[in-house]
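What follows is a short report on a single structure.
We just call them A, B, C and D in the order they show up, numbering each chain from 1.
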């Protein structure tokens, strides 16, 4: 005997862009949305009964229709509005998950000033939210950033580590520290200023990354998390994943050249992987 | 006050390839390995104390060193051997996670026969395993496949679904059904023939996909899971994620042409997303 | 004073899929098409005069409309049919370029036999054609394959090379030879059996790659080109680009282990790059 | 009879990063280099004679060794220094091609000011150079940028175009204009200030893109090219490739909603492709 276990379905990679006009100044946002539903859908799997299946194509339409009337600027509020609509519309939907990623479009700088209606993609990072709500529960919101690609050329060492018979690494007192960080933070309540909190956390994380006298990725990651929590009382925990994107010192000794931390070989793989949650 | 929560660290995207020689015939495997550790590492985060930190570079070395002496052909046995070594070597490692992905290298077909020492990449799919073990526990093994890219041109319909005010989809009685499936299955015990089980499950899944008279992705996904469980008593549950990679019928009516399911527009985004666990 | 130089425009990444039915057996093809035009379009650049600009959206429509009525199975004949239509339709188009790439869909093997209506993606490679014709000229056709990912574990050495003061490479007498080959061949005439020629060339290239006793990538590339030309008198020249996708022997000596060509470290970058045209 | 035609070989995707220290302020650059050689290498193809083959591994070493002693900040001067070294070192190298791409690392902004030793990746674009020189000739330099991802939300229309029986596009008087531009410019002489010219051209291109009242991509592309030539007398021609990355107005009429250029559907494929050279 087999039976259906946990299941969910929905639409992924629904892309939308939006212009918000405030007189001569425009804001431009580009989002990728994923909507997943759980509920009374078992017979679609087990009995080929589609009568309760809201087509994923309709979910796509819903993404656009809700975006049209939505007044918010934040992906957090949009995600909740979209999910609330689906729960309200169909009683057999018991849980909704919405994820939104926003690309890093910025006003183009012309002669040092932001141009009103022209934009440039400012990095690979995505601003993110994962929002889910069960029908009888509250919204659970996890905001964050993916792919924040940053690097420092000073104040990073790695020494004093454990050695075993397979250790060949040499201690480093002045290495490059590069990462493509993924950060998420969970909200304890939802009547907050999401945009402002996001700006504050990201500023605090980057300020700490720059200032930190790093003894390891772990060390810096923890102090970045602490710095993030320090500026926003509204959040309970921050999770940081910081791959160590290595820049290996080029060995020029076979060519009779020294290399005083000048020339490096960047590699994408393999890479260190450090992940931790910092909480109150 | 802040404190360290859940944390782990390790090395990701460690790549290795291996030739196994049996007389004139070679086997060639290419793996990408990730090793993550949990244990008594808190002070590396909180106090910049690296004395218990096994460098991720050493983990990389360990991947290669263990692979050298490892006799197994399966990624499952290799993953456990690697993890057991690390747990045995360092008492303060309390949990180890190993993931391995194997690329789809196949013996090249020359005049219809497999060549002994030449290989061709046979698809985008990866054979996978995620293996983890706590120091005092047993191995928990989840094997699978990622990116199995398959498609059928008959026996796929989608009708009778729920309509609401935002539904614009037209019912389809003869559509293309394409997917890039991710499948995982959990083992209840580990003294089994991993290679044989893998071959049997994958054959059963593909046979069912081909034969199935699909009323929806959900319907086919469930019956594929059932078919997988039917052939291997050793496994308890299968999870399938099957994005619906749409091929939309091209609308040629503005040009005065019909289109009897002949010409389609494939799109990558957005795509349907269907996921379920089938269990005994 | 500035003036407009060479220019062209068109539509890129137009994707289409097509089912061809022969009784119970279906053929499935998936193409990505690019169409570029040259002609009397200068004033669209210099005077904002769009009156002669065929919208790229119309080119997209044309890709689908021509595909509907097209009887051929080959991308070569489709490309020419599409281009001829555009030249015939609009006298001010003076040159048309069409490129088509076809994905490696194959009938799924079930119990060793090809299933009639189910398909599996069989590799990363694309079958390609680049076809161009000036209004008063003949079609110039270059067919090929992109990303043919192949590898051999024997009969590959690299010794006796030039050494200078920066050379650190050690000679290898038994290395892995892996590549992701791009091959193109030019047709001298167009009333040929494109499908058959393609099959013959690709079989000859792979047979030679497998059999070859390689002294260098250059050496094997040349003999593969010769083998291709030998089987198809209809073509005049073959160009092969064969990046050397290195698998470096893992150095296990720090761990007290030997490594008799057993464990390797595959790297994507940097990679050797070898390119040559072989001609009659 | 077959013979060897045009051929070249070298090393691709050689990555290097470099820290330049000026007191407390660091500059950080990350480059990917390709070196290709032509010369008296025919017998390596035709006779398996490696005696004149400089290994691609040695070219990789050369990339690093030259970078160590190189004083320049520009990829143009580095490319020429690297190529000149190879030509000087080995008389049988008859032509050298060097390509360098530089990633968009920028000083991180902390509280509105650039931090001295911390960096953030500021976009997907690469600063590029393609430099080639025949032994007895002068350097031919083409600099540029790849993947400059920009977008404007006003002053873009497309009307008055040619219609044929397959045209379904509606005229647009206020559309989003997005592109990922590739631009190259050729130098007529090489004793110029490459860094300054690059900054001036890029500023001029972006200023024109923002200000332009666009009647088509062609129209804007041409005026951008003119603007680039206007600021730098040292260059003779600019080539721009500007794919039209469409943001389609979402059709909300089935849902009873209007859409006054507010919500769009961004698509990556298909996309318009416009390319032209503007010259003096």
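By definition in this document, a residue touches a chain if its C-beta (ideal position, glycine included) is under 8 Å from a C-beta of that chain, and two chains touch if they have at least 3 such contacts.
Computed from a predicted structure; not experimentally measured.
By the document's definition of touch, common neighbours of subunit A and subunit C comprise B, D. When you average the Cα atoms of each chain and compare centres, the chain farthest from subunit C turns out to be A.
Centres computed as Cα averages put subunit B at a distance of 37 Å from subunit D. If each chain is reduced to the centroid of its CA atoms, subunit B and subunit C end up 29 Å from each other. Between subunit A and subunit B the centroid-to-centroid distance comes to 24 Å (mean Cα coordinates, whole Å). Among the residues of subunit D, those touching two or more other chains are numbered 15, 61, 65, 166, 168, 254-255, 268-269.
Those residues of subunit D that touch subunit A in the shared complex are 15-20, 26, 28, 30, 61, 64-65, 67-69, 105, 108, 110-111, 115, 117-124, 148-155, 176, 203, 206-207, 209-210, 247, 250, 252, 254-255, 257, 259, 261-267.
Contact residues on subunit C toward subunit D in their complex (touch as defined above): 1-15, 32, 34, 36, 41, 44-46, 48-58, 60-62, 65, 89-90, 158-164, 166-169, 215-219, 221-222, 225-226, 229-230, 237, 239, 243-244, 268-280. Interface of subunit B with subunit D (complex): residues 165-166, 168, 254-255, 268-269.
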